[in-house]
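Both complexes shown next keep chain A, but they swap its partner, so chain B is in the first and chain C is in the second.
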Partner chain A sequence: MPNSRDFLRCSALAALLFTYIGFLLGAEEELSIAAYLLCGAGVVIALVLFDVFSAIERLVQANETFWQVLMLAGTLALIAVFHQDHYTLFLIGTIFIYSVAVLGINVQLGYAGVINFSGASFFGIGGYTAAVFLQNTSIPGSLTLPLGGLFAAVIGSLLLLPVLRTSGHYSALVTMAFALLMKVFLEVSEWLGGPQGLSLPPLEFMGINFAEDIVIMGKECSFYVKYDMVCLALLVLAFVFVRRVERSWMGLAMDAVRIDETAAACFGVNVTRWKITAFTMGNFVIGMAGALYAMMLSYINPSNFTFSDSLLFLSILLLGGIGSIWGVIAATAFMVVIPEKFQVVQEYRYLIYSAMVLAMILFRPSGLLPRKPRSYAMGGRS
Partner chain B sequence: MNKVLFSCEGLTMKFGGLTALNRLDLGIDEGDILGLVGPNGSGKTTFFNVVTGIYRPTEGRVFFDGKDITGASSQTVFEAGIARTFQRSRLCLELSIFDNIMIGNFKRHDLGFVSNIFRRKTFQKTCEEEVEKAIELIRLLNPELVGSIHKPVADLSMIDRRRIEICRALIGKPKLLFLDEPSAGMTHDETNQLMDEILAMKSDERQLTIVLIEHEMGIIGKVTTRCAVLNFGEKLCDGTYQSIVENPLVQEAYLGREVTEDEV
Partner chain C sequence: MDISLLLQFFINGCMLGMMYALVAVGFTLFFGVLDVIVFSHGDSVMVGAFAGLTFYLLGVYAVPGLPVWASAFFVFLAGMAFVAGAGMLISRFVIMPLRAAPALNTLLATMMLGTVMREAVRLFFPDGSNPKPFPRLLPDWSWKFGDVLLRFDNLALFVAGCLLIVGVAMLINHTRLGMAIRAVAQDAEAAQIMGVNFPLIVLATFAIGSAVAAFAGLMNGLYYNEINFNLGLLLGAIGFSSAVIGGLGNVYGAILGGFVFAFLQVVGTVAMPFSSAYKDVFAFGVVIVLMAIFPTGILSERQSQRV
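Here is the complex of A and B:
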């Protein structure tokens, strides 16, 4: 438990943060959204310039567990506030799922340095796996999640040989080729619905039908509240998993491989083993996220999983800070909310994404919330 | 007589038309500190790279501790008991001191999924023990570094980085240590200090055998028990420091030949 001063500081910070996010999510007029965004950007830049940002980082780092609890509570509060708003709840769920997917990319690129330009393809494999199993079998919805992960990991292993035999740009090209191949395959495959895609039956889980609205404590709630809860649970699981990978000998071995393969090999690190491990684990996580995304959308087609989406995953990672878990979540929220809220820019969103990534690389190359030196303990440094 | 720990016979490394090592024969006894000297480009670092599996030798054989390790992978060579440092420091700069040292210690770590992800309590305990071991090792070289063991290596001075590199090579308890110009980028005093530290460590670990690449002859004379001189990939001679310094071939390689009157 933090001391009372840190307790108050952390709570106040979290309250401010979530009030801001709440107002941003609730805003409907484009002018007010623009005002909120400008305010937010101004505050962040001021905090960074006046070195308050690093003080906040230290505070959060010292009270890690408490901060995580606060973030969870704040998120639940947001869901409670928007309990009837289908659209906002859907956005929140999308943020959770995309965060999980980018955490998968983070294990691959951020830890082991294996570049993956086909993130959206593995996301799609997870989604299509869920759709096929839910349509054709009586497997419960909860099981289709790990199945989606499994299929993504297994199909991803087809790519292992070419990815491991090449390096740098060439292995990036291999994954790009796979992404394009996958898209074409989905479009022409009769069995997977071709360009029309597949629809998924409503998810049933522990006797709860996910397509019906529910009443919680006398309040009528959107059915998306249920999806948000499942998405949040998956995000928490992915968070804990990726954190533990990072703070273990596995994470260290992957870092060693990423930074200097030759030196790592001279210290007995099995470079191939760690690249395979990271790639497969990452794809599993991405596949699980894809399966849940398909269930939440209840209808998927190839245009949900294009090469641009793969680029979006990578941009989120760059923007948030490569290797930084909180950075991934923050950047995902940003990248998902902006184009949705700002319909004017919807058409130009890839332009805006690339401008932001360029600005980040120029002015803050380690990302919005850079990765911290490793501590092996959970729950904050003493 | 001491037992021969390492030997190579006819070791040759060709890069296209360039012969970086030419039929090198070398034997190292257990407990020796062998100084490897020679002008720039004479094949000293290539020798390290060939032995530690970064390059595959074109010809020749390498034996270590009774085993044939010719052309073995870097990983196998390390597991057999040869650790090294690099001429241009190859630490992971953004990782902490502790992380960097632990990279040399994977031989002893359980890298399995279950013990790393699920048994966090046990993991935490081994981790704390490892911190103790790393601190013990750092204390031998520079006690001031103990306090910043969880800080990134990027913040350290050159000499401290070298120290961490040596710690990383030593924590896995190798039988043979290759030091590739540990003095590069350091002042004369710093080099002397580092060498004293290496000698002090050597007296602790009698079994340790060291091969040292070094340009400063004063240092070579001070710390080595034997020397070998390379020039254009060939061994000119080997023996005690005194014998190689007096060898006319070595003087010629380093200083050039006296010009005879006919040539003028």
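Here is the complex of A and C:
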């Protein structure tokens, strides 16, 4: 538990942050959204310029658990505020799911350095698995999540041999070829609905029908509140899992593999084993996210799982800072909310996305919130 | 299956293979000098096609009575020059600043650049989101051998493509510029010590590779009589695959890879006639298998890493 000054500081910071996000999500007119965004950018730049930002980072690092609790509470408060607003709740759920998927890619690329240009394909495999199982069998909806992850991991293991034997650009090509192959396959496969895709029956879980609005404490709530809760739970799980991996000996071994394969092998780290572990773990997480996404949309088609979407996942990771979990979540929120809020730029969104990521790579390649180097001081954390 | 259909498939495969080989040559040249994959190269192909279309329309508008062969010549020259210029700009402002960056950053940056080019054409070319008819610049003579139709424009494009590839190979193997390019590809630092102007050589390489890509784009337009803002994505992926199958950095490997990929697509079409869309599934599947068997490409030198 932090001391009382840190307690107040952290709470005030979190309150400010979530008030800002709340106003941004609630804003309807484009002009006000632009004003909010400009304000936010100005504040961040000012914080960085006057060196307050690093002080905030230190504060957060010192009170990490408390900060995480605050973030969770703030998110719940946001959901409570928008409890009747289908669209905003859907956006929030999308942010959670995409964050989970990008965390999966983070394990692969950020820790073990296994490049994956087919993130969206594994996302899609998870989604299609959920759809096929929900349509054809009577297994409960809750089981389709791990099943989606399992199928993504198993199909991903087909790529293991070529990915492990190749390196660098060659291994990028393998996953890229898989992404293109998967997209075409989903489009032409009649069994999976072809270009029209598949629709999913409404999710039922522990006797709760997810397609009906609910009443919580006398308040009428959108049915998306339920989905948001499940998505948030998955995000928390993925967060804890990825953090644990990062801070364990597994993360250490993966880091060694990423930074210098040869040196790691010389010190007795089994390079192949860690690459396999990271790739499979990552695909499992991505597949789970995909399954949940399909259930939330209740309808999936191949156009959600193209090569561009894989690129979007990688861009989010790069934008947030490779290896940085909070960076991933912040960048996802940014990349999901901005185009949805700016209907005017909807048409131009890929142009803006790609120009932004290009500028980012050229001028700040470490991302928005770069991952901190591990600290080996006594009692230090990574 | 009768022989004439097979021959028709063969002609088709040769045209596709030439197109892929031309794209792959660019990938492999850039990889040679700078050790980067310029993924926007596929979109340079697309820009070449659109630039050619624009120059054709401009030429028709400016000089109404221009004979067809002259306008074809002009379109090819202007389109290739335009894309060569664009390629030089790309190398100067995107690729060179990223030389020290990790390979993934360069790869992603060029992919994003490709998206920027694609979207810019879609949004800012008049009615760019729809396919555009491409003018017939070559006479539509054709010869019939039994059931096999051999079209003059296909033959002309194929021969021109061969000449271009031979020209590029001659340029690289038998000129001073080519020697400098090869020197930079082998060891950029040593080449600089020996007085090679490194930035200039990079610019020249990008100009050459991009001009060849523009040729591929124009060839694509003339072959299908239609161009589309989206054609660069798949063509880029195929060109990259071809270059990698052949072994990055090796020009002959790129040519081989291009024809291998086209051959795979044709085999996919013949073997799975029920759905032509499966041909790409098949071709990319075989690419993955090939990568598992030859992790550094078919025509690559065996290298061991020195630690």
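Methods note: the second predicted complex is superposed on the first by the 372 of 382 C-alpha atoms of A that agree within 3 Å, B and C clash if a C-alpha of one lies under 4 Å from a C-alpha of the other, contacts with A are read in each partner's own complex, and residues count from 1 in each chain.
As a convention for this text, a residue touches a chain if its C-beta (ideal position, glycine included) is under 8 Å from a C-beta of that chain, and two chains touch if they have at least 3 such contacts.
Please read these numbers as outputs of a predicted model, since none were measured by experiment.
In the superposed model, A:252 lies in contact with chain B only, and not with chain C. In the superposed model, A:168 makes contact with chain C only, not with chain B.
Once chain A of one complex is fitted onto chain A of the other, the partner contacts of A:244 are limited to chain B, with no touch recorded for chain C.
In the overlay built on the shared chain, the residue A:49 is in contact with neither chain B nor chain C.
In the superposition on chain A, contact is made by A:262 with both chain B and chain C. In the superposed pair of complexes, A:31 makes contact with neither chain B nor chain C.
Of the two partner chains, chain C is the only one that A:187 touches; chain B does not reach it. Taking chain A as the reference chain, the count of touched residues is higher for C when chain B and chain C are set side by side.
Contact with chain C, but none with chain B, is seen for A:177 once the two complexes are overlaid on the shared chain.
Touched by chain B in one complex and by chain C in the other are residues 262-263, 266 of chain A. On the side of chain B, the complex with chain A involves touching residues 52-54, 73-75, 77-79, 83-84, 86, 90, 92-96, 99, 102-104, 106-107, 109-111, 113, 116-117, 120, 123-124, 127, 150-152, 168, 172. For chain A in complex with chain C, the residues that touch the partner chain are 109, 115, 159, 161-162, 165-170, 172-174, 176-178, 180-181, 184-185, 187-188, 262-263, 266, 307-308, 311, 314-315, 318, 347-348, 350-351, 353-355, 357-358, 361-362, 365.
The touching residues of chain C, when paired with chain A in their complex, are 31, 37, 94, 97-98, 101, 103-105, 107-109, 111-113, 115-116, 119-120, 123, 233-234, 237, 240-241, 244, 248, 275, 277-278, 280-281, 284-285, 287-289, 291-292, 295-297, 305, 307. The residues of chain A lying in touch with chain B in their complex are 241, 244-245, 248-250, 252-253, 255-256, 259-260, 262-270, 373-378, 381.
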